[in-house]
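Worksheet: the structure to be examined is printed underneath.
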Amino acid sequence: MLYRENGQFKTSYAADQQIFPIAQDRIGILLLVAFAIVGVPLLADEYLFRAILIPFLILSLAAIGLNILVGYCGQISLGTGAFMAVGAYAAYNFFVRVDGMPVIVAILLGGVCSTLAGVVFGIPSLRIKGLYLAVATLAAQFFFDWAFLRINWFTNNSSSGTVSVADLSLFGIKIDGPLGKYYFCLGFVLVFALLAKNLVRGHIGREWMAMRDMDVAASVIGIRPVYAKLSAFAVSSFIVGVAGALWGFVHLGSWEPAAFNIDRSFQLLFMVIIGGLGSIMGSFFGAAFISVLPIFLSLVLPALGNLFGVTIGTALIAHTELMVFGGLIVFFLIVEPHGLARLWSIGKEKMRLWPFPH
Amino acid sequence: MAEHSNPSTPERGSNKVILDVNNISLSFGGVKALTDISFNVREHEIRAIIGPNGAGKSSMLNCINGVYTPQQGSITFRGQTFSHMSPRQVAEMGVARTFQNLALFKGMNVIDNIMSGRNLKMKSNLFLQALRIGPAAREEAEHREFVEHIIDFLEIQAFRKTPVGRLPYGLQKRVDLGRALAMEPSVLLLDEPMAGMNVEEKQDMCRFVLEVNEEFATTIVLIEHDMSVVMDISDRVVVLDYGKKIGDGTPDEVRQNPEVISAYLGTSH
Amino acid sequence: MLTTFPRLMLDHAKARPDAAALREKSFGIWQTTTWAQLATLVRHLACGLAEAGLRRDDHVVVVGDNRPRLYATMLAVQSLGAVPIPLYQDAASTEFVFPINNADVGFAVVENQEQVDKLLEIRAQCPLLGRIWFDDPRGLRKYDEPGLASLDALIESGAARAAHDPGFFDAEVAKLQAADVATMFFTSGTTGNPKGVVHTHGSLLDRARAGAKFDKLTAHEEVLAYMPLAWVGQNTFSYAQWLACGYIVNCPESAATITIDLKEVGPTYYFAPPRIFEGLLTSVMIRMEDASRVKKWLFHTCMAVARRVGPARLDGKPVALLDRIKLALGDWAIYGPLRNSMGLSRVRVAYTAGEAIGPDLFTFFRSIGINLKQLYGSTETAVLVCLQPDNAVFADTVGVPIDGVEIKLTATGEILVKSAGLLKEYYKNPVATAEVLSKDGWYHTGDAGFIDATGQLKIIDRAKDIGRIMGGPNDGAMFAPKYVENKLKFFPHIKEAVVFGDKRSTVCAFINIDVEAVGNWAERRNLPYAGYTDLAQKPEVYALIRECIEKVNADLAGDNLLVGSQIHRFLILHKELDADDGEMTRTRKVKRGYINEKYQVLVEALYDGLSEQFIATAVKFEDGRSGSVSATLKLDDAKTFPAMKKAA
Amino acid sequence: MGPFLETLIGGLMSGMLYSLVALGFVLIFKASGVFNFAQGAMVLFAALAMARFAEWFPALLGFDNKVLANVLAFVAAMAVMVAVAWLIERLVLSKLVNQEGITLLMATLGVTYFLDGFGQTLFGSEIYKIDIGLPKDPMFLFDKVFEGGLLVNKEDLYAAVIAAALVIALSAFFQYTSTGRALRAVADDHQAAQSIGIPLNRIWVIVWAVAGFVALVAGMIWGSKLGVQFSLSLVALKALPVVILGGLTSVPGAIIGGLVIGVGEKLSEVFIGPMLGGGIEIWFGYVLVLFVLLVRPQGLFGEKIIDRV
């Protein structure tokens, strides 16, 4: 309905291959980014930043990372939390042990360590497929849970096992207020989203998808499974690691291994599946859905209770949340197994064909 | 068209052997798929492998391009002899193939499927790709142009951005061929390129195969069920039956071969 | 100001060397040829042709779809003072024989293998045809016929010649005069051999400029060239006016992708015969059929508003505020998207011509804000004779005479035209020339019509087709078959119609139903059918068509002149009329006489009042095979009305 | 010597319980190709049901007979579990046929969340006891054989025995009943099974019911051992490596895998753990599996995966 594509012809391949070939889409995305940079700070209050926006951004980043592995390369991983943890703890150690270490560098180095871990635990994927691999990745989850709990070196021998970072700053500017943190995360997310998109639409992305869709055919056209899969693990866990570092440094400030336990892994997997496998945009949708839903429920359920004059105990709320959450997940998988991204693209097609049927 | 693309024009099938299969035997856990198969392929010829279902035709191709490793035997390609090669090595030596039951990348559109055939030729590293600057961007554009030539050649311009899953079967077969052509192969293995096609689709595919063979001087090894097609376009034919070679020669010779007749021509069709 | 096509091209190349002249969708993107590049290309082609021995006043046939290098070839040929003859690329090879021999053609430049094959087929019959060049070498590398070469080879040799003889090309172009012959079009006449219509640079440019001035065309127009260059209409819009205005001509990728390409380009200046617009409308309607209820409702409500006030708005007439708001909403919800989906949202001026267009069809496009207008002209008059000005557009007129045109009507109502854009002559055919060109420079169009109250020209029919009813109640009444046929064809369910009645007491008609439209209609009534012939003979369909015919009759009864042309009996043909079977011209005009002979039995059966009649006909299929279609056709009567005196 | 044997036996016995849960996974995966992550939640759910019923019935019906209470509770819980299993099959999985493995996995994860919430909403989220009269006192074996004998926890012993009995029973059920044969047919080839007139849906419901039953027994035993609480649902995570080690589709695999990992855990914890700072049994099973898979990608007893072109 909103699309006017006449005259939008392409006279070069570069123009034809850009991320948003349609002008209306480019405008839309620019407006969105502009809103995120200018609009949101004007509207959001502290709670919104701390409880929703910042977690959403960081989890989107992690989801993008996971989506590269699961959605694009077709390698199931249940160990994402662990790689976030590696990122967080590695960054922490660089940060506290090397004095004068800039935050960004520390975070990126965290990502690098996570990459290494990812590659090591990705090696089995060369022989193992599907559910077997999924369970194998749990090994990483439990191993790192344990390691960061029991091996004090990682926690800089902090007595409580809890680690914390303070006074983050970027080029001398302090990142303490929620707004600063928001921008910090937003920056990371935008940059990495772009880089990730470039990768998946480049030839490495095609190699990943080829492995995912038909690995024999892929090898016959000369794609090396080793390289394709491990590079996916590497890129994926790098991004995930960075997200982990952000989660620790920016969102939590002080944390313990439980922050990255298996539930986190599942949560992220939900995000990519409900958001849409093999879609960068889907990662954002999924993150929004999964991270906002519980908050939404925790707000709505008591209200509902009061409506019927019942005061709902916190325990009951917690349980109802679990139920509704689980129920919605199932419902979603049944109605749209391909996730929100699919719904989005269908909607877009409808708009382009309007008023004709899809 | 027909009279100009006569398969047995003199310069075809110059007697130089490009691919030589020596005593290949292959079995899956006791089940013998191929027994002591030998045949050769000459530069620029169209070589057909025929045989009833389960004769081991596809297995033969899988051995040639390294998907399966035969227990015995070796394959000589351009004078180099190998007893085992990884599919990657085979691809690098310029052998491409299409698949009997479509093996397209369902999640991608036509362009990307064919583009994926160019991956061996795309060199820019991860970082350049992530930033999509300089060489990476240039590379994408250059190879896209090459791919567009294939799309043009296969006459699928109207579908270049359609997800392959949505294409009719006949067109998917073309894309499959396109992906193989994108590798600029010197030897092209076709696994039943015309299976399950209607008459026009078969004619088109025949045309493409012949044109590939002529325009790009590509050597073609083809498995096909449709005898008329095989006898029409191939220079020499190998006949397999239960994993054994029972005939080898020009279409006419094979037609005469009594063993072949009883095993194949007589029974099927 | 007198000039020539090549000189115009060079002027553009000098004035705006890097501006786009031509675009072609090939290999997935719109490959651009700038004026400078075009100039070089033409220079090399011309030198190459000269090398090959092309001399002034020689003829060269150009056959193929719209391809930049074929455009360049036309220019190159003209640069040398020789004459390009564009031929229909979809014609059968035998149809090439006459033009080639008639014009003593020695050289041909064609698009691809298909055309080469056709020319090679007829080479024996065309001894003079010595050299053939092809644009696309696909599939031709094994051809070794003498004189056959690729355009690249020609350009190469030309480049060489241009290198060591740089002055040559410019000298040749300088020699060229506006009065020199520019192009020759072969009109597929309804009878006999085609005639070569000879046009000079002056004549074509005179009209091109007049038209451009009339519609204030600029160098920024975008045009999509998808009709054959052999058709004078396309030639005017994408060649003559292209060079006159220096705008951009876009060539589609292939026949299969035209709709996509049209959407991408979004032309600003658009020209198509009615049937193209008909096709667009039909597909819109059919696609809306399976839209959701809400969308359907929205569509029909918006279209109702549009039909009511849309054209008024387009004509700049005052529209009530409420309606303006409705239109704005409709534009956002429906009209805009529709224009976009048809690829017409950037259109500033659109023309239709060639045959009469149905009022509903015409108003549909105007109502959704597409400035569709009608024009009157022919090959002999270089198309642009009468055009409808913006804000004065009617479905049943064809516009006012534009700059440099004089019009007068003979006693019999035939339209005579005088302008600088008239043909020079029919090639090697002084007799025919004399028939149409009077000493004092009037061209006899052969069309009957009159200037109506609005001062616009109105066409009734071909003058020679106008007949008389003899005997019966309307003895001596005027019989205007084309006029009636058009009225019939305006119904979406009727694709073609042929009416007979000259020198007879009553009028009878052959009908071709529109398979797509009627098929759809049948499906919605879940009426099973197997192909055209079966569908055509369904009693329900007969009833449907009878309704249409009776509407037309009622309409005719209202017109004193034509009351006698009402249709008494009709039948629906068992096959679709087809140019390949010689029943129509390439421009899809029915050959009434030929059909009359071919289907004599049916005509007689109609007049003998039979209720059915068996007929078997030979047909040619697309792939050239021929077979026969036979059926027993129902013959049916239609209600006619007494003349009703119109309130004066 | 003694400590080693004690650990070994302890390992074997807890391994037996792992196999019991693992069995639940295998059954369902074999028959319907679903990797049922909700098995753990079902265990918790069953245990909660059993524990609470055993409290409620005496109160409601006013009797005071532990055995009767337990029997009634068990039967009631069984009924509940069958219902739950049936609902899961009907409402969730039958709607997801022909979806990819990962989608199904996620669906069962969703079910897990739901059951955890639902169970605790119905039965409360305190820590409850299941007392089926397993003796808590330790006993000494082979005190003849060597000094002081081996200290063995009787409860574990009984538990192991029950588990073993159940495993045998199930194997028998698969081998000798017609339903069992049908099940195996379905497991081997859905189409074929359907074509010879085996009603897939019914089979699947049965399988889920059996899985529910297994979950109940496991829940009962673990419950009486550790007390019934949320953490019980984590036994699923314990059982995962077992399943994979044994090979997703193999019943004996599940049993042997269970024993191997049970023993491995205990031994590693006792003899290697201290060097690494303890608590390594959390990951030992997984890392072990990882290495096994590198050698046998389909697990110890799983069917080999050959992909044809």
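Chains here go by letter, A, B, C and D, matching the order in which they are written, and residues are numbered from 1 within each.
Operating definition for what follows: contacts are C-beta pairs under 8 Å (C-beta built on N, C-alpha and C of every residue); 3 or more make two chains touch, one makes a residue touch a chain.
As the structure is a computational prediction, the values presented were derived from the model and not from experiment.
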Problem set entry | Chain at maximum distance from chain C, centres defined as averaged CA atoms | D
For this session: Tally the contacting C-beta pairs at the A-B interface and at the B-C interface, and name the larger one.
Result: A-B
Exercise. How big is the gap, in whole Å, between where the Cα atoms of chain B centre and where those of chain D centre?
Worked result: 50
Seminar exercise, completed: The distance between the C-alpha centres of chain A and chain B, rounded to whole Å, is 41
Problem set entry | Separation of mean Cα positions, chain C and chain B [Å, integer] | 46
Exercise. What is the distance, in whole Å, between the centres of chain C and chain D, each centre taken as the mean of its C-alpha atoms?
Worked result: 79
Seminar exercise, completed: Touching at least 2 other chains, the residues of chain A are 12-13, 16, 216-217
Problem set entry | Where chain C touches two or more other chains at once, by residue number | 28-29
Problem set entry | Junction residues of chain D - those touching two or more other chains | 309
Seminar exercise, completed: chain A contacts chain B in the complex at 12-14, 16-17, 195-196, 198-199, 202-204, 206-207, 209-210, 212-214, 216-224, 231, 235, 278
Exercise. Quick one: in the complex, what on chain B touches chain A?
Worked result: 65-67, 86-88, 90-92, 96-97, 99, 103-108, 112, 115-120, 122, 124, 126, 129-132, 136-137, 139-141, 143-145, 179-180, 183
Problem set entry | Sites on chain A touched by chain C in the complex | 1, 3-13, 15-16, 353-357
Seminar exercise, completed: Given the complex, residues on chain C that touch chain A span 23, 25, 28-32, 222, 263-266, 287-288, 290-292, 295, 298-299, 332-334, 336-341, 343-346
Seminar exercise, completed: chain B residues touching chain C in their complex are 1, 4-5, 9, 111, 144-145, 148-149, 151-153, 155, 157-158, 160, 211, 214-215
